[in-house]
């Protein structure tokens, strides 16, 4: 028998033959690769080019941090600009009176615009929410996979439409040859809210545990009763959040209203057919294009109110989501 | 839900069992059938409305543009005169303005947005990320009319007195940084405003994308003695590449479609200049600009023509984004 | 070092909610196999447990340069190491030494902390939230969790291959060449890649398609690719999860 201390004879195609030379010798110290290796027992601080690479990595990450800080700074600057200019315009009159009849007049307020925006949002929600929920129900209850994909694509495309185009559409549909109307404006806003509500409601419906549905089926309950009595109530929170977020988005939209609901007077109006309803976004837009400094002041105030409303409703919706039981947060 | 009760001990004789045995099931079956049918019908109708809206919008716009299309044809895209008094309208300078402001916005917003996304997913501790993330999203919640108002009142003076002269003196050899104008309004201001609007979109989407990169992939790269940036560069960016492209297209769609803020800050110019500091207009902002002044039928029709162009470009950009998402990426659990 | 084949019982764990998990966490076996051929191995290759960890597979780590029969040198000296995640204890009081040129296998039921132990050796647990470690892990006498230690340097010297293959979505060549490029080991890169792939017993199967995507390989091939890419930078130690 060969001495067990001799290396075993080389085998053909030995997979552990790292040198490819058909033997199992230890690596030749003169081999260029081996001599590149520094002593592994040296301290574990950065060696070789690692210091430079770590420097690069840290610089890059500092850049990322700077970008994030830039975004937050921009937010702070804009909010501060609006708040500082707008807060000084806020007083009781601001919320109870309308704009002054004559230009270049200080004082007055935006009461008609606040009422009008609330009215427009109410009508838009009344239109968009049922339709959105129904579309979501169709997606989860009835639509096959291909039809479902097509509908979801259409909703996503609708979400990305330029809002001025939506305004033009309603303009051509309802206003040309007639008059502007609050209803037209609300309808344009509803089109903008619809995809948001539909998609978010669909996600809320998908989060309803399937056990609930199975239990209802096992009891012999008809489909529509299940939807009405079990599924919709379970998804209620998600639907509410979706609507709140859609309202927050649409209340700041000006472009849909520019052609449909922008010529209005200075008085509170609840008439939505036949004439435009005063609203905050268009008021700010008009004031920003005019050269009236007092109009500017009122516009800043209006902007402050609008911004406050939108930021608080967005935050509120976020907290609604966070307050949900952990399993249903999605 | 029907529950049948037997009331053997009903006080009034003769009524109890007979009431209990009324054939409720047969009647509730027809109610149920009707109810199910109504539910299906309403849902289907709503879906038809939803999907049909895009078709309706397209049809309405093309119809409204009919007069202008027949008058100007495709030359509309090549001429830049816009003179209502002479009933001559052309969109060339608007196409230019749209291209310039959108490109400018993307050039700034995409790197910054991706950088923020990387910050939120790889650099920031979880609690910090939970604060900064929502703050960045708040940026998207600012109404465009307020941002535009801020742009003309606060940003424009700053551009006029500080930034534009600085850029002109340092980089004036580039034709885009020409001589500053007197108002601070112009395509440059519009590009900056659009950048502010697009950053949160890119940041949110890219953050979500980076968070879905599988842990094993990152671990594999980390275990090879790579620095954090090398892991990002070698593994995370390549694996999210298509998603980032889709996010860019979504940001493009947002920038293209913004009418109000742009019209507030862009000065309503009508010529094509090389310098970004000059006034200009985009497709969307020109439409918004004319809302009070459009009187003749041709002018209104020309606005619809602009709308058709804007709709086409906007739909293309969004479609590109959606196709990329559906074909090439693995969607995160809470799909957008 | 203790003898080549010995059972080591983990100390009694604190009260665990799940009695089955408690039992599972109790026993871990450590086996060693000499790396250098020619030395008689008390355990034949077939006897090494191939259960749910492949730690017993011999790795192509650089062999001892100065001859096959040297005195054993301690590479890892683990002293009373304990690990917890967010307060939940995963390992308690582990003490052992791992010696040079030996294949050391840690065998135990799933969930008993093998991965946690391995990953703690090369600081791969740093990014796990809630990770806390106490005790000392000495590598060549240096505390791995010491103050001035750069974790990236630790991982450069202590490589790791994971339980499931995780190749990059790059070509086979780029998978292996990625880390050497980072480390600026670009001289004779083709040779380095070939040596690594040969060492992982993959060269013959992929030599004609080095620039095709690594994701087209079978599972076993992908895992060998991961081994190749780990040894391409010639780490001092290779951990196999």
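For clarity, chains are labelled A, B and C in written order, and residue numbers in each chain start from 1.
Everything that follows uses one rule, which is that a residue touches a chain if its C-beta (ideal position, glycine included) is under 8 Å from a C-beta of that chain, and two chains touch if they have at least 3 such contacts.
Remember, it's a predicted structure, so these values are computed and weren't measured experimentally.
Relative to the centroid of all protein Cα atoms, the closest per-chain Cα centroid is that of A. Ranked by distance of CA centroids from subunit C, the top chain is B.
Interface comparison, B-C versus A-B: the higher number of contacting C-beta pairs is recorded for A-B. Taking the mean of the C-alpha atoms as each chain's centre, subunit A and subunit C sit 44 Å apart. Measuring from the averaged C-alpha position of subunit B to that of subunit C gives a distance of 48 Å.
Averaged C-alpha coordinates give centres for subunit A and subunit B that are 10 Å from one another. Listed for subunit A are residues 50, 53-54, each touching two or more other chains.
Contact of a single residue of subunit B with at least two other chains is seen at positions 227, 230. The residues of subunit C that reach two or more other chains are 152-153, 156-157, 182-183, listed in rising order.
Within the complex, the subunit C residues that touch subunit A are 37-38, 40, 58, 60, 62-65, 67-69, 139-142, 144, 146, 148-150, 152-154, 156-157, 182-185, 187-188, 191-192, 194-195, 198-199, 201, 204, 234, 236. The touching residues of subunit B, counted against subunit C in their complex, run 126, 214, 216-217, 219-227, 230, 234-235, 238-239. Residues 4-8, 13, 15-20, 24, 26-27, 29, 32-34, 36-37, 40-41, 43-50, 53-54 of subunit A are the ones that touch subunit C when the two sit in their complex. Contact residues on subunit C toward subunit B in their complex (touch as defined above): 122, 124, 127, 129, 152-153, 155-157, 159-162, 164, 166-170, 178-179, 182-183, 226, 229-230, 233, 235. Against subunit B, in their complex, subunit A makes its touches with residues 50, 53-54, 56-57, 60-61, 63-65, 67-68, 70-72, 74-75, 77-78, 81-82, 85, 130-132, 134-135, 137-139, 141-143, 149-151, 153-158, 160-166, 168-169, 172-173, 176, 191, 194-195, 198, 203, 219, 221-225, 227, 229, 248-249, 251-255, 258-259, 262, 281, 284-285, 288-289, 296, 299-300, 303, 306-307, 310-311, 314-315, 318, 330.
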